[in-house]
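By letter and in written order, the chains are A, B and C; residue numbering begins at 1 in each of them.
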Amino acid sequence: MGRYILKRLIWMIPVVLGVTILVFSIMYLIPGDPAKMMLSPEATPEEIAAKREELGLNEPYLVRLGKFLGGIVFRFDFGDSWVYNQPVTKELLNRFPRTLTIAVICIGLQIIIGIPLGIIAAVNQNGLGDRISMFIALFGISLPNFWIALMLILFFSVKLGWLPPFGIDGFKYYILPCIANAFPGIATQARQTRSSMLEVIRSDYITTARAKGMSELQILLKHALPNALLPVITIIGNGMGMLLAGTVVIESIFSIPGIGMYLVGGINSRDYNIVQSSVIFLALAFTFIMLLVDLAYAFIDPRIKAQFARKHKRGHHA
Amino acid sequence: MHNSSAITAITQKNKKQSQFAVVLRRLSKNPSAIIGLIVVCLLVIMAIFAPLIAPYPYDKQNLLNTRKPPSAEHIMGTDELGRDIFSRIVYGSRYSLSIGFLAVLFSNIIGMTLGALAGYFGGLVDDIIMRLIDIIQSIPGILLAIAISVVLGPGFINTLIALGFGAITMACRLMRASVLGIRHQEFLEAAISNNASTFRIITKHVIPNSFAPVLVGATMSIGNVIMSAAMLSFIGLGIQPPTPEWGAMISGGRALIRSCPWMVTFPGIFIMLTVLAFNMLGDGLRDALDPKLKK
Amino acid sequence: MSNNATSFLEVKDLVVEYTSEGSVIHAVNGVSFALERGKTFGLVGETGAGKTSIAKAILRILPDPPAKIRNGQILLDGIDLLTLEEKDMRKIRGRRVSMIFQDPMTALNPIMKVGKQIAEVIKLHNKISNKQAEAEAGKMLELVGIPAERFNEYPHQFSGGMKQRVIIAMALACNPELLLADEPTTALDVTIQAQVLEMINKLKRDLNTSMIMISHNLGVVAEICDDLAVIYAGEVVELGSKETIFDRAAHPYTVGLFSAVPTLDEEKERLVPIIGLPPDPSNLPAGCHFHPRCPWADEACERESIPLREIAPGHFCRCIKVSAQEN
């Protein structure tokens, strides 16, 4: 078990490096001269050259990559913003709690609403409840979250005036962004839970349980649900990734100063270090969540647990 | 197992008819899939015949008639430059649909090739490809698309590449799983023992047998790509105004949402309809190809 | 059929149908047989003949949809199980009638400790504490030859044969009056098959359990059963005591089954297979369902359905050619 955790932690290293190198390399390919783009059109060649020197753009790819990577790995330092000369890391850490709050509220909604909907649908397969909830879920996965956000603002802020359309001054301000961001996730969760559940319901061991004389409710709670919810954990992890990414749009619509809004701001001001750092930061957060998901599996699913216990034993013999 | 006789009967039947006919028959009995298919076809027709369907040129400005709510003349109203929103939406379908189809097509060709190679050869090839895929998948798709989009700049082809890149991973995984699943089946062993070349085995046996899950995945990802494309346009990347892309239209109307909500509402409805149609079709295809989940 | 009131289990005219994509599959078509207490009854036939459906119909655990019991009675001590309330039926499942499934690999819950899976059925039908139930489950494990220390292990830690032992322990845990064994050894290695079979046989004798043994393997049936029915296309084609059927097989299908099995006692030129495939149960041949594969068939066999006839005391056969031959 300890070995599995260790193995999984070690696998984090190439992923973190890989993600950083990939994003850095993509961003390195930006055509044109970022220094020139950042300065006013009247800037003299000397000014541009000075800016290039300042941003470290004159150094070769490998040196720049090495510096950037070293900064992140050893000091968790993403460097400075090109436009404001502020340390990016500080800004990311300041903003992350807001982004995370939204993502966590959304994942909560996804679990509380999505999973029961999926179970109810599966248990009443092809019944009215199933059809209605799956129809709504199909809409849910087909709606762009930014459009839901705007429609919610239109309705609840502009028409009804119940909720604030932007800002972050308290609980009320989180309602609309969270609903807009969570909606697709809830729908996905409901759909996946349903299909996972349907697969389990058809399993032979459910027939075995029935042959024991258990009631349908007992079978559902003791046999079907625990088996069906295992794959659902992965969906929650993936959902977290979707939600973190989704905040990019949601935050800029609702003017929530999180990482997403920072990222969009970086795009608009051509501050590419902000863009690449935000993308890497969110990707690393996602990687970390998937690590937790995998570890959760190892604790919950006896098959995985035993698989590694056995490997452990074999390792000793070899 | 529990109804072995029923299953035997079904498999016997399947052997009689071709697999394709069975899938089509099942699909035709699924009203939701048919609706999805019809809507997709209507959208394609709308895109192809846009000049005939749109009542006005999409870029025709009329500064005397700006920000008009829906009326008989302009059924979805006009925007801040007096352009007819319905006409712009009709033309916009060209961008959304072609980006959806093409990005998924290219990413699937690349992804399927990689997946087939990984699954077929296993070992080091598999390790390298799959670790790469793992890393790409560690970056949430839309973020990756944003990063690529920032680098490549706006434009149709660039958006296509930005969105297609992330979609490679799913096709690759599906293909690899299918290949692994059928790798040890008898007909493949027979082919190998007959000294068929590797290329021949992959093209003649592996790809046709892996087609079903990839097709379902592709249909579903067309919807996703269309949605992501709109999102990129919305945040100022991807296809940009004055091109009548749906996401860009929403972005343009966003500032005026209080006074002219129709500028935001209608393009959004069309994004939803399109994505919904592809998802309904994808669901239907999945059920038709894998009936055990349905019945 | 011996229609005396002493029968412990009586299946009368059972009809089971599956609906699949608009077509109706006739899995069981009017099957009747009776079983006395303590005896073992064999159901023999090819895969897909409807044997499993009969067993699941007795427990009423057929998947509905697609399966439906269209007709018939299943009398257990004179009470028709098919008319019982679901609530009362639950008290019968696992306690009075239990089942051993065909595939031990999938019949156990993969994420539940095997001991708990056995204890569960004990707790369900007895008013005892969890602790007592678990102690009983441990004893059951020992009974089927698994050390009680393995109580806390999971199914994937067991081999196929061991899993089947767990399932047998589970089925016998509440000392049922009737055990339905559905091809209990088919999925196992040949070497394990004999062990498991012997164990079932011994436990059944020790506990005085009645049993229905489902098999496509005549050897298995020969070893365990008292009476047996040969099932073809959802119908009983021949029924009688084991000796009768083994010594004086009358129905051409039964004869064919025996010719397809190698025997040691007789020197045979070669094995004679039954030609053709089992019929499509959604589209059964008219008349005698076996006629397309029958070496004796003529037009008379295609005309109308053939009744099951008593050709000798206690020996029933569904063939118009046979009665002519025997008499």
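Worth pointing out:
In this text, contacts are C-beta pairs under 8 Å (C-beta built on N, C-alpha and C of every residue); 3 or more make two chains touch, one makes a residue touch a chain.
Please read these numbers as outputs of a predicted model, since none were measured by experiment.
Contact analysis places A-B first among chain pairs (by count of C-beta pairs in contact). Taking the mean Cα position of each chain as its centre, C sits at the greatest distance from subunit B. Between the CA-based centres of subunit A and subunit B the separation comes to 22 Å, rounded to the whole angstrom. Between the CA-based centres of subunit B and subunit C the separation comes to 50 Å, rounded to the whole angstrom. Per-chain CA centroids place subunit A at a distance of 52 Å from subunit C. Multi-chain contact residues of subunit B (touching two or more other chains) are listed as 1-2. The set of subunit C residues that touch two or more partner chains comprises 63, 103, 106. Touching two or more other chains at once are residues 202, 204, 207 of subunit A.
Taken in their complex, subunit A has these residues touching subunit C: 202-205, 207-215, 222-223, 226-227, 230, 301-303, 306. On subunit C, the positions that touch subunit A within their shared complex are 59, 61, 63, 90-95, 98-99, 101, 103, 106-112, 120-121, 124-125, 154, 156-157, 167, 170. Here subunit B touches subunit A in the complex through residues 1-2, 131-132, 134-136, 138-144, 146-148, 150-151, 153, 223, 227, 230-231, 234-237, 247, 250, 254, 257-258, 261, 264-265, 268, 271-272, 275-276, 279-280, 283, 292-293, going by the rule given at the top.
In the complex of the two chains, the subunit A residues touching subunit B come out as 14-15, 18-19, 22-23, 26-27, 29-31, 138-139, 141-147, 150-151, 153-154, 158, 195, 198-199, 202, 204, 207, 241-242, 244-246, 248-249, 252-253, 263-264, 267-268, 272, 275-276, 279, 282-283, 286-287, 290.
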